[in-house]
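In the part that follows, the structures are each spelled out as structure tokens.
Two complexes, one shared chain (chain A), two partners (chain B, chain C).
Showing the complex of A and B:
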């Protein structure tokens, strides 16, 4: 559609297992050799009043702080939309209430943890904090929670319903829930991989501004547990809408994590759809989580913004670092069911 | 609205029964579905609830699902409602259409998690239910039962989840990103929710009395409801019949408090005003408001203030059908959108049960007469969630 607006990623901030609120991982990534790593939290006392810091769970403090910093960095104090992706929401509060319910019965419960247990607590607290009365939505769809949020923002930006959107990817991982997801095989069994935590806020806008990281040229999702060919069509839809050919894609970033069953899907799709492309990865630095793709997209956006892809993001056997970065296709999937493609381009193009 | 979004089907299950017919009959006969606890295993038997009057085994039989298959109560209710919606719209998956499923849910598979949580922590016997705990798993179970969906998304904005799903469905259709959207929500009653709301002290020990001066809280319910939405071009190509039009929608945030609504109902006011603007309608065009109307002191006053701010002294008939279904949380936006569509189709006002005395603060008396004062052309449905996630939808006659 010719009338659709462009979309830019203006800025992004993260709190994860890499040093918080910086892009330091570009030059000096922290490496881990453990099945489960919690985020490196900044000193919240510098950012929150003591009672607020105590009252809010970790996922909420991280989400509020990354959001505040992105709003400050872009000068957009009142985005038209606040859209959040979270796979498990406020799982720590949920666990505390559930534990009390199961162990102590139905008579002695208190409301504190229940009140901050719903997934949309994150997005609404950001709105309350910033006084934003615009569109506010939360997506919770396993490994594509972030892309659902991103796609909502892109749909509204492209159609000019909104001009700015604060999009977030937020997931905390507690020791208890790590145990549970280890049982299902999702976490803790990866070769050279680990479970991480995610807090990522990014500002999207239809106007480029002066310091935009990159252009976001489309998001396409496909639910196709049974049909591989549908994926090729989804990719073609994305490229057609962006008026970009596959030849113009310089690199593909995927969510390979060392978990064999899931990585095999990546291997199979990559060899079928883009056999000769340079492959990038991010989960070896940021870990696995439902909204880890948020951190991956952030990493790709930073590479485009700096026109530099560090060697440590390249999948094995792919050569050394790169002093420039062209179009990056981001491909994510979980267990071969829900797939997503995102196309990023340098701002100049 | 850039493109006409039409409603071509709907499906529902709630305390009023399975299906639109049962729902319509109960509404018109003023027969509430709120009753003493029967299915949920809880100590709080003193609390009236709006349960779906089917066991999980009965739903599985109705869906021809083998009893040993892993499922949750929420996903089963979702399947029941989506099946009715697809059959109603005659979507079978062979039409070469890109069909999206957008489902709202909040605690997903919590019914099983609260039963098996100690097993989850201590052994491997119930791992299948760890995998069904999260919201996305609930939606994927529904999607996989039908196998006709090529886009599947889950929204979780608490009690406005289903309304936001319907809104997203419309936006995807307008942008040509889907041909058909099946959008709504589902949520079963759980001890987690019942006790959570109970600790907030907002559950009425009696059947709820929305918009009454002596209202004392809500009754929790459960259910699922989905609308089938499509653009006019798709509908015409298929030769399908529209039930009505989704003419306007808006999502706003009250940005006031995590679990309470603002005294001036700012979020609700903005949602209704923006939905009217999107539909290019004036307040006078609206013939019926299906309110969020939970029956809590806080919501009904805040929403009532917002309604008066938008509609002035001459508000159209307003009712909360939560007096029939209980508060079906994530499903509420779907159940009540569907009730609003039924009202439009059949030309009646779903009444507000258990009303006796107007709220002293407002000149707002909920509807107790099912006869509309003028033929219904446009109806508005409100859904508000924790965190001030407020959404209004407007449906119009074709």
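Showing the complex of A and C:
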């Protein structure tokens, strides 16, 4: 009998290019035909007192609000750990601070933007807001920032060091940073998908609770696999630990986005490792961002919680909507270097 | 002086991101810290930067701020008497 604890995703809230703080995208997703879309912000005046939020940049308001709502929804006001993944951190404040540094000849820097220009401002602010004095860590590893944060939480939950963890994925996209991405050809052209923004908070726990979305059965990451076999071994390690066979996986959610170079890696890996599986996608709805995988995992978790996979999540030629959802394998990779697999199951399994 | 007071109110609202506050909401003689606008020590740093950036006034002794930032009127009078730009 395994001594590892189970891990459940109890609840999740998002602010992104889809309607904020709801799962409305499941039924009526907003579609975009633009290379750069900023998140749809809720009316923060309804959620914060004026003095409370006046110093906070957008990313901080989003992170605080999604965290508060997840904590309220789960009744966990003081999680054992707050673990954040962010590729760019508070990039808007960083830009303001650095531009002022250049403009003012390295003098007359405003303190607020400086104080809130670090990556770990997000996690620390959530902790201060909630009064959490426990474990607090931030992972900033480009396209795998979220998976690193998630893996940290899962290891600690499985080993029973903690019982609850608030895990976040937060990234904003500024016009300045988008311009740089466009110049490099990374994003900004119609065929490459679109740049979006991410604020996702999810509560993980070792106890299932009454309304858990799904069970999280493991995370496996592989950096620069020397060949396809190494990637297959990574997948097998995940499945073996979860005591699940590939045949029991019903669908694979990938980060296919329209960016050709990256999508070719997906196509190659998917055809080799899971040739007959139903493929799901999410970046056509949520856009591209370093921590976009957080939204992908959230989308898969909501599908499992509702036992419904809407047709608009299915990759082309993958058939119509599904009124049930079994095990979903989440596969993310970036430039063929950083690969990650996450296995989700319905709560009953 | 009245013109400077209004200008100062607008600058403070912008720099401190007081979205809900209009210049008319700030009484010329109301305290800026504690009661009144309820500003804090980080705001004081922002105001010191504002004074230097916009009016060329460099506060050498931070303790001076306690007197200068007493109210909008006191602040405007100090700026009027000491501004270099």
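Some points to look at:
Operating definition for what follows: the second predicted complex is superposed on the first by the 344 of 349 C-alpha atoms of A that agree within 3 Å, B and C clash if a C-alpha of one lies under 4 Å from a C-alpha of the other, contacts with A are read in each partner's own complex, and residues count from 1 in each chain.
In the analysis below, contacts are C-beta pairs under 8 Å (C-beta built on N, C-alpha and C of every residue); 3 or more make two chains touch, one makes a residue touch a chain.
Quantities reported herein were computed from a predicted structural model and do not represent experimental measurements.
Judged by the touch definition given at the top, the superposed model places A:306 against neither chain B nor chain C. Looking at the shared chain after the overlay, A:55 reaches chain C, while chain B stays out of its contact range. In the superposition on chain A, A:272 contacts neither chain B nor chain C.
Of the two partner chains placed by the overlay, only chain B lies in contact with A:101; chain C stays clear of it. In the superposition on chain A, contact is made by A:131 with chain B only, not with chain C.
Looking at the superposition, the partner that touches the larger set of chain A residues, chain B or chain C, turns out to be B. By the document's definition of touching, both partners, chain B and chain C, reach A:111. On chain A, the surface touched by chain B in one complex and the surface touched by chain C in the other have residues 109-111, 115 in common. Listing the residues of chain A that touch chain B in their complex gives 1, 82, 86-89, 97-99, 101-103, 105-107, 109-111, 114-121, 123-125, 127-128, 130-145, 148, 152, 155-156, 158-159, 161, 176, 179-181, 183-184, 221-226, 230, 290, 337-338.
For chain A in complex with chain C, the residues that touch the partner chain are 45, 50-51, 54-55, 104, 108-112, 115.
In the complex of the two chains, the chain C residues touching chain A come out as 15-21, 38, 42, 45-46, 49, 52-53. Listed in rising order, the residues of chain B touching chain A in the complex are 2, 42-44, 105-106, 110, 113-114, 117-118, 120-121, 124, 127, 130-131, 133-137, 139-140, 143-144, 147, 149-158, 164, 168, 171-172, 174-177, 191-192, 195-196, 198-200, 251-259, 266-267, 270, 385-389.
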